[in-house]
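Accompanying notes for the structure given below.
A, B, C and D label the chains in the order they appear, each numbered from 1.
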Amino acid sequence: MAEIVSLQSAIRAHVHDGDAVAMEGFTHLIPFAAGHEVIRQRRKDLTLIRMTPDVIYDQLIGAGCARKLIFSWGGNPGVGSLHRLRDAVEKDWPQPLEIEEHGHGDLSNAYVSGASNLPFAVLRAYAGSELPKHNKNIRFIECPFTGETLAAVPSIRPDVAVIHAQKADRKGNVLLWGILGVQKEAVLAAKRAIVTVEEIVDNLNAPPNACVLPSWTLAAVCHVPGGARPSYAHGYYDRDNRFYQAWDEISRDRQTFLSWIKKHILATEDFSAFQKVLRESAKEQLV
Amino acid sequence: MAEIVSLQSAIRAHVHDGDAVAMEGFTHLIPFAAGHEVIRQRRKDLTLIRMTPDVIYDQLIGAGCARKLIFSWGGNPGVGSLHRLRDAVEKDWPQPLEIEEHGHGDLSNAYVSGASNLPFAVLRAYAGSELPKHNKNIRFIECPFTGETLAAVPSIRPDVAVIHAQKADRKGNVLLWGILGVQKEAVLAAKRAIVTVEEIVDNLNAPPNACVLPSWTLAAVCHVPGGARPSYAHGYYDRDNRFYQAWDEISRDRQTFLSWIKKHILATEDFSAFQKVLRESAKEQLV
Amino acid sequence: MSAANYNTTEMMIIAASRLLTNGAVCFVGIGLPSTAANLARLTHAPDIVLIYESGPIGAKPEVLPLSIGDGDLAERADTVVSTPEIFRYWLQGGRVDVGFLGAAQIDRFANINTTVIGDYKKPTTRLPGAGGAPEIASCAKAVVLVLKQSARAFVKKLDFLTSVGHLDGGDSRKKLGLPGAGPVAVVTDLCIMKPHEVSRELTVTQLHPGVTREQVQKATGWEIRFAEIVQESVPPTENELKVLRDLLHRTALAHGQAPAA
Amino acid sequence: MSAANYNTTEMMIIAASRLLTNGAVCFVGIGLPSTAANLARLTHAPDIVLIYESGPIGAKPEVLPLSIGDGDLAERADTVVSTPEIFRYWLQGGRVDVGFLGAAQIDRFANINTTVIGDYKKPTTRLPGAGGAPEIASCAKAVVLVLKQSARAFVKKLDFLTSVGHLDGGDSRKKLGLPGAGPVAVVTDLCIMKPHEVSRELTVTQLHPGVTREQVQKATGWEIRFAEIVQESVPPTENELKVLRDLLHRTALAHGQAPAA
């Protein structure tokens, strides 16, 4: 059964230095509040797993929390580069970042086989691509029936999965809807899972066959309204595209980035304090 | 795009002698009307694929439509044996029936890999079981990363899939809910698909992330109210448990079975005529 | 307090239900397993999680399902997923604590046959087949078997090994590399057997009230072993019996009322 | 009737949109592909089916998405499935007629690089990476590439081969045994190129109005081939241009109005 606890204690209890952490959410429901709390608690040497690193991992990488990144597309959606990711890969700042890259189909299959407790996934891809040359975790196998050659990748089994969802009930059962990405698979593939939610209700009133994660599949559920900002939560708030654009400026320069992290994350107590400071910065046109 | 046509013309156009046919529905939404129409049109030499043959395949087998059966559990749920299936396997009546049997997890994985256009599925099962000895389509492979041995089965790719659903819209998009079984996978694994529905509406009003089959994945959609009887349609009617019990008597004896099929299916024009005759038989206590 | 009058089937179901701890995730088949699991849910294990292979997770049926996919299972479930997901993410995923199985034949190492009596190619009796048993036997953390005891069912040699238990005993199952631990108990209308910790051979650890060792031996096709200390099962309590009988009564009414086509 | 004033980007997007036939199932990336696909939907191909890798199937966005997972995509889709399902049942399943891709670098056989400029281990520029391109390039029945033409992008040798086109030309792609046919057209701001039917080398088949062969050659890092008959693209019609500009205008307004955190 999931404990319903503060995000602070959930991160303290379940995310440790050196863990393999998957924070998922395909542009929708990205668990930014949880990402910030990991920075606040100054976690180190994490292996970060995520199909689209997005601004959330750009922040974690720039803040020096990551040793390795497993991903399939590392850009700022609709804007351009992730400058902190690039700086780490191109110039080892703030520290070298080992990268293991895949394709989206590959990683999403690897989450599925992880959730299925299989050691590997099979897919039709990579013939002719140079990715297998640089990623020893992309191999090829033969079909025992047809003899066809297919690509194989190892399952993803994170130590911790972190997602954001719309609702939980008081027992800790979680409901999400809209664009689901690989969140369910990430949770079921992980040893432990943390879910931040927009609201906690008496009854989920889930439609038939909705995406529900039973409380007993989760380690912790945290009530963090707005916890996916600047990404969006379907039915609650829109994506803050302005922030994604502003991030390009904030993250381009190391000092600007460091002072932003210091002021907005390290100097704030929690996500609601962060949001307050961010709103002030916005007024001051700094964002 | 699916054509919205009569069940009679859908079966005539898309189910041919010798086809591999998967009629799915896990005790819920079993496409009985379509099964009857296949008998009415006297199809022959079909390879019938279905996790739980149930009464629908007992009828097709007894009526002499099947050459082969691929299945994982062949009983009359909550009642006992499928007498026509047993008679075919034990005594070659009305003709020999080749059987290929799997487990539920195996077959459901084989539908998934079929829908995914992969040649085989991988699962953790069968070590120690004698099934692989009698089914050359259960093999073992090695994980290219861990060296573990896992079971492999060929994907299911039927010529035709037939399911029953609750709703279609006028374009032929289909919505089903409740117990979904492997219906979606069967449709997506098949070369062609026929869907019978309870009603055709202007707007599906599908909840987010509901199980919807777009019209362009289907060959034909047929309006057949009650088309899943004696199984049930969630939100429309309950399972007719009495008929499942009555079937034990009807099917136990070859002559009783033949006269039932003759009177109720071969002598009726369509499913609504069948239902009318069945109601009369029920009144006469024959059923 | 314990009940005066009960039959051996009731004792078997109640004994099986007592093996399920509150909060356990239970993969339930139709029939006796489903009856025992729901009895547990309605008595000492209100938070037990029932998973049915048709898709319902956290099912709380009002009455016992006649089929594995009854609508009542979906109505009151926490969620309903596809059958492939049940087998892939939930059973094989390692989330099932107890897999509940029945069998037509069982041997001394709790291997089971649900396929054929006689020769596979020309069976004298064609049984329904494997269902989800091979995967449950492989992947559930533990398996509990429930079936009536008779020399026809408890055989020296299976006609067909459908789903593996402890194979040839000892560490032979372990060598197969399956994720689950295999059968931990066999509950019958006469007794409870558990695999010996070294040999893994089924050993009677508990006799139901009034049952003799001779009765058990007569109903077993091999020389059955008894544990050093064989306990007597606690007879059904008034409450267990009342809840079970109410459940069966509700069930009969509900299914009797099913509309004719 | 054709429009008087339009720019080369508009010509590129409109030329790309014209390649999509009504009813086609189109796997759409963000940016130019998404713009061209939605333009097609709003002009000559109202029944086109747009699939985005985040999960929407049959998306009908009011405005262009800034991210691949914008809520607007889900709101108006026929259904929204998980990302693994998109790649497994829909793309790999063989249900995508046209995969739309962009690229940082492309070679004469329409192989593309979206990974790095420079050495992989120590890149001068780290690009976003593969995304879904390797799977789309493998499994979509056909691939259309859309990108601005320049000698920096159209290179003799890729720094990295992320997603395969026609590999080394001839039947070399065929030998890979991939289900899809690979790139069928490359649409740029200058022209349209198609693979030669035998050599599979990109060949200019159509020049946009006013564009010279010299311009195309200057913007290409290898000696570009021209088809025997090179046609001139039909300029944008008033309607195409109006619908495109309205779409881009609506989009700018919508995203500008996005609330600040």
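In the analysis below, a residue touches a chain if its C-beta (ideal position, glycine included) is under 8 Å from a C-beta of that chain, and two chains touch if they have at least 3 such contacts.
Being a predicted model, the structure only gives us computed values, none of them experimental.
S.K.: I'd like the Å distance between the centres of subunit A and subunit D, where a centre is the mean of that chain's Cα atoms.
M.R.: Subunit A and subunit D have C-alpha centres separated by 28 Å.
S.K.: Taking each chain's centre as its mean C-alpha position, how far apart are subunit A and subunit C in Å?
M.R.: From the centre of subunit A to the centre of subunit C is 41 Å.
S.K.: Which residue numbers or ranges of subunit C touch two or more of the other chains?
M.R.: If we look for residues of subunit C contacting two or more partner chains, we find 74, 80-81, 88, 92, 139, 179.
S.K.: Which positions in subunit A are in touch with at least two other chains?
M.R.: In subunit A, 112, 117-118, 123-124, 148, 178, 180, 185, 208-211, 234 touch at least two other chains.
S.K.: Tell me the shape of the graph of touching chains, choosing from line, ring, star, complete and other.
M.R.: other
S.K.: Got a list of which chains touch which?
M.R.: A-B, A-C, A-D, B-C, B-D
S.K.: Would you pull the subunit B residues touching subunit C in the complex into a rising list?
M.R.: Interface residues on the subunit B side: 26-28, 51-52, 71-75, 77-78, 81-82, 85-86, 89-90, 101-106, 108-109, 111-112, 123-131, 134, 148-149, 178-182, 184-185, 226, 229-230, 232, 234, 237-244, 275, 278-279, 282, 287.
S.K.: Taking the complex as given, what residues does subunit A use to touch subunit C?
M.R.: Going by the criterion above, the answer is residues 1, 112, 115-118, 173, 185, 188, 206, 208-212, 214, 216-217.
S.K.: Provide the residue numbers of subunit D that touch subunit B in the complex, in ascending order.
M.R.: The contact residues of subunit D facing subunit B are 23, 25, 49, 57-58, 74, 78-81, 88-89, 92-95, 139, 179.
S.K.: Spell out the residues on subunit A that touch subunit B in their complex, using ranges where they run on.
M.R.: 117-120, 122-124, 137, 139-141, 143-146, 148, 150, 152, 154, 177-178, 180, 207-211, 234
S.K.: What residues on subunit D touch subunit A, complex-wise?
M.R.: 30, 53-56, 65-71, 73-74, 80-84, 86-88, 91-92, 111, 115, 120, 122-126, 128-135, 138-139, 160-164, 167, 173, 176-179, 255, 258-261
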